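The first chain written gets the first letter, and so on, giving A, B, C and D; residue counts start at 1 in each chain.
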Amino acid sequence: MAKKRMATVWLDGCSGCHMSFLDIDERLLTLAEIADLVYSPLVDAKVFPENVDVTLVEGAVSSEEDLHKIQMVRERTTVLVSLGDCAVTANVPGMRNPFSTKAVYERAYRENVTLNPGVPNEGVPRLLPQARPIHEFVTVDVFVPGCPPSADTIFYVVSELLAGRTPQVGSHTRFGA
Amino acid sequence: MPVSLSKPVAPSADKRWKIVDATMRRVGQHSRGLIETLHTVQEAFGYLDETALRYVALSLRVPLSRAYGVATFYHFFTLKPAGEHTCVICLGTACYIKGAPQLVDTVRRELGITPGETTEDGKVSVLSARCLGSCGLAPAVVYDNEVAGKVSPLQLKEQLSKWGRP
Amino acid sequence: MTASANVKTFQINGRDYSARAEETILEVARQNGIFIPRLCELEGLSTVGACRLCLVEVKGSNRLLASCVTRVEEGMEVTTNSERLERYRRGIVELLFTERNHVCSVCVSNGHCELQFLSQKLDITHIHYPYRFPKAEVDASHGRFVIDHNRCILCNRCVRVCDEIEGAHTWDVMGRGIDARVITDLNQPWGTSDTCTSCGKCVHVCPTGALFEKGRSVAEMEKRRNFLPYLQLMRGDQNG
Amino acid sequence: MTREELEQIANTERQSQASTAQKLNVCVAAGCLSCQSQTVKEVLEKGVARRGLGERCAVKGVGCMGLCSEGALVSVDQNILYKRVLPADATDMLDALEAGRPPVERLVCPTNTPFFQRQKKIVLENSGVIDPERIEEYIAACGYTALVEALTELTPAEVIEQVTRSGLRGRGGAGYPTGLKWSTVAKAVGTQKFVICNADEGDPGAFMDRSVLESDPHRVLEGMLIAAYAVGASEGYIYVRAEYPLAIKRLKIAIRQAEKLGLLGSNICGTRFNFRVDLRLGAGAFVCGEETALIASIEGKRGAPRPRPPYPAMEGLLGEPTLINNVETFANIPPILRNGGEWFAAIGTEKSKGTKVFALAGRVQNTGLVEVPMGITLREMVFQIGGGVPDGKNFKAVQTGGPSGGCLPAECLDMPVDYESLARAGSIMGSGGMIIMDETSCMVDVAKYFMDFCMTESCGKCVPCRVGTYQMHRLLETITQLQAAPKDLALLEELCDLVKHTSLCGLGQSAPNPVLSTLRYFAEEYKAHIERNQCVAGVCGQEVHV
């Protein structure tokens, strides 16, 4: 049987979900036997490839770049997994949502900055008005809430998916878990 | 909290408190008379401020938070003074399909406010009504208690600019 | 009236039960270990039938009935769980999540929250209605407690416990519809309230992290409600 | 007050009316008042006095004549109707009158049209005929005879029997049988009972109750008195919108007059029956039309409904048995008692008896107030009585039942207007607002309008209504901004189902109706908005309104 093609994507999140993924420890080797990690912040690939079987997405959709990325990922992925509370609920990145982006920029680049305060106008993707969960932009196949979801949960979900089964997520994790 | 059984004293010597007191007597100083009393306060003072709410609540032995909850539940009550002039745009169904939204737009363009707000200079308050019951005259607007029927955005604009002048 | 006339026999989920006539479906279900979700109801407080999570099907009624306010009747056939009820309950819990900013991961009640618990119990892994992300205040003016409106679900328990048990009636609800929120006294900072006795009952009946004790960090706030059945028991003795 | 005394008042009044040969009745109900009818009346009065016509000519203010779009209306001797009368027209009118010339042609409003001919007036029989501020005129028009007869000759059970036999159903919207409601309250046990008149007319586009209260307030009082006698109540409230100052003023006058004549108070008509009525002003909350919310409001609380049962008939105001009926329901009672239940039951259809007052408004030639027998078709309502759609536009929909009702398309026009037919078609009778829409109205926008209304009026107590109406409104907004995706429509339908079946009170349970009915009959419009970013009516997509 051909190896499955797997990817992970990091949008607006703290990378904690990726850390939790790495926490599956030696079971990484088990996964490596059945799947190739074809794209991830953890590997070298620069471009998200075509024909990915399973993609785990961490983080909310917060900027124009995130939006562009998630749409591309969706097109090239069979099973899209919304991984962690930021992807599922917008979570902490969403806490800026009651405020205007202008206020957010001011806060981040002026009020809290002592050296050369100023809002950058290049090199940083433009913020969307609000950070929102990814399923509001693209169809998501599996939701795995948790902040972060435990390593066990992630391993369970990924191995079920790679085996072609539908994981029963609800009993393994919850919002804020 | 110290519980005082004596009747609270009116907040000031303003004669209008006598009218309020009369209403409270009429309702038997009972908490059931809260809404009736608030109507009287609003009629006498134009709005319900904290002083009035506190006085009425203590007099009728209604918890403060309940008085505030009631005052904000009913949209007829306002906690802020109204402008010199008021303009009520009817948003009943008949008015809506006959052009009330354009009147709201006109207000927004001309005064920069939406229904429920008062201009910064305190000249004009704009309100919306659920239905004035003057559907035969749709769209209807009430300028300072005078109902005007079949109002066009232009007519509204003229009236507003008339008020805006010193 | 004879004692037997005050006892009703009826069915819940196809099994026979009997109860006193004044008991509600929810009470009987709870006594018999049948789980019916609810967020506004709390033993010891009056019932308001507001959260709509405890809706059940009753044979012969075309409406769903709130089990917290529906008394048992002779021959009643109650269904507490069905695909339809499950769907509606999920919908209601999801609506609550969209209404304010429930960020479980950074909540003092994480792991001890009734809303979060229900989301898991109902197998909700995401909210498919759009979030509202309103601006909501946090009032930390009180010496010991905090109200975080981001996490309030307007269950009204604080209002009821303060009025019915403590007798202070510091809390109430202002405004209406989606703009409604709980207030202390004349919508003033909690710390400036003259009527609050700082008893903390409101904090402990709150189903979420909206009301909590100062000095608690994420997941540290556990609610204690022992006082409610105790008070209820004492009052029952007095009346009986 | 005895029957003889009542007759005497009636006779004196009739004689005084007969002594003036010509009667100029000026409509001073709210619609015409905003067309300067008060000034018209004053100018006419002055003119009559100046010309010395006082002997043979009387000017008086009367209630609503119905054709509100043509105000100010003035009738002469009940057979000539002048429309669009301005104060300046008074001279011409009086000239014609004085010289015995034919009426002033340019002002004459033909009354041989279906608008007037197709109506059957029971509730409105005195509207536009009597001076609402004089009890004598009501008495001269057989007023209070039903009360006196009930008190002196009928037992409470016999009164209820007549009402039951009449088949009258609640005119507030839901159509609950009135006789059944009365007998429930009559049988209920309590230390005291209450009768409440629900005059918190809240549907946008409905002004029937206001008109009845402004035009014939005593009729409502008499209905309440009879009800109180029948169910054994001694206290009553009229819960009326604070937005109706004229109705409030006239009710106050009416109550004072009735008290003075001993028709309200203790030992009414020399019997042991006591009844007191007080007004309670609503304060701008649509939800207070719901019985339990209305009771909470009368008790001085937030108008939040509570779950039923217990129904107000068993546990209502202050926990006591309470009868709540709408203005129009009470207004039907005196004629039912005067003429007997069978007389009333002979009018209308099998299940919907009597007449119904409708407020016709929107894109229709004749806007105003009409009373028609139940069972009339929508087509007759719109095209005959209403005179059709003006400006050469095409009919698109008729909305009944306000925010709890629905929009019915052309294919429903031949449907009879009765409780069951309207419900089957996805709308409701409601309190009687009937808004006609033409092709310039976008049905998605109309649905959004009603959802905005329900969202703003939701009391916020129960979750599905509080948050569900917000979510539905947001989705409708997205659709009307031409930015929705097909999945949004599915979400909308799902929310309709949720809110309809799980909300605590009628407001929430019926809030999805305008959406459901437009989805049912105008699905194509939703599709055009979503799939082709197109609004055929040309309403949507521009600046966001309201």
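The rule is simple: a residue touches a chain if its C-beta (ideal position, glycine included) is under 8 Å from a C-beta of that chain, and two chains touch if they have at least 3 such contacts.
Remember, it's a predicted structure, so these values are computed and weren't measured experimentally.
**Student:** Does B-C or C-D have the larger number of C-beta pairs in contact?
**Tutor:** C-D
**Student:** Where the CA atoms of subunit B average out and where those of subunit C average out, how many Å apart are those spots?
**Tutor:** 35
**Student:** Once you find the CA centre of subunit C and the CA centre of subunit D, what distance in Å lies between them?
**Tutor:** Centre-to-centre distance between subunit C and subunit D: 39 Å.
**Student:** Between subunit B and subunit D, what distance separates the C-alpha centroids? Give it in angstrom.
**Tutor:** Here subunit B and subunit D have centroids separated by 25 Å.
**Student:** Provide the C-alpha centroid distance between subunit A and subunit B, rounded to the nearest whole angstrom.
**Tutor:** It comes to 50 Å between the two C-alpha centres.
**Student:** Find every residue in subunit C that makes contact with two or more other chains and list them.
**Tutor:** 128, 130, 173, 175-176
**Student:** Which parts of subunit A, given as residue numbers and ranges, touch two or more other chains?
**Tutor:** none
**Student:** If you look at subunit D, which of its residues touch at least two other chains?
**Tutor:** As it turns out, subunit D has residues touching two or more other chains at 285, 302, 457, 459.
**Student:** So with touch defined the way it is at the top, what topology do the chains form here? Options are line, ring, star, complete, other.
**Tutor:** other
**Student:** Just spell out which pairs of chains touch, all of them.
**Tutor:** A-C, B-C, B-D, C-D
**Student:** Along subunit D, where are the residues that touch subunit B in the complex?
**Tutor:** It comes out as residues 30-31, 33-35, 67-69, 71, 201-207, 210-211, 242-244, 280-286, 297-304, 359, 361-363, 367-368, 399, 402, 433, 435, 437, 440-441, 446, 449-450, 453, 457, 459, 543, 545-546.
**Student:** Along subunit B, where are the residues that touch subunit D in the complex?
**Tutor:** Residue list for subunit B touching subunit D: 30-36, 38-39, 62, 66, 69-70, 73-77, 91-94, 96-98, 100-102, 104-105, 129-138, 140, 146-149.
**Student:** Spell out the part of subunit D that touches subunit C in their complex, as residue ranges.
**Tutor:** Contact set of subunit D toward subunit C: 285, 302, 306-307, 455-464, 466-471, 474, 491, 494-495, 498, 501-504.
**Student:** Inside the complex, what are the residues of subunit A that reach subunit C?
**Tutor:** 82, 85, 88-92, 94-95, 97-99, 130, 132-133, 135-136, 140, 143-145, 147, 169-171, 174-176
**Student:** What does subunit C use to touch subunit B in their complex?
**Tutor:** My answer: residues 163, 168-176, 183-187, 194-195.
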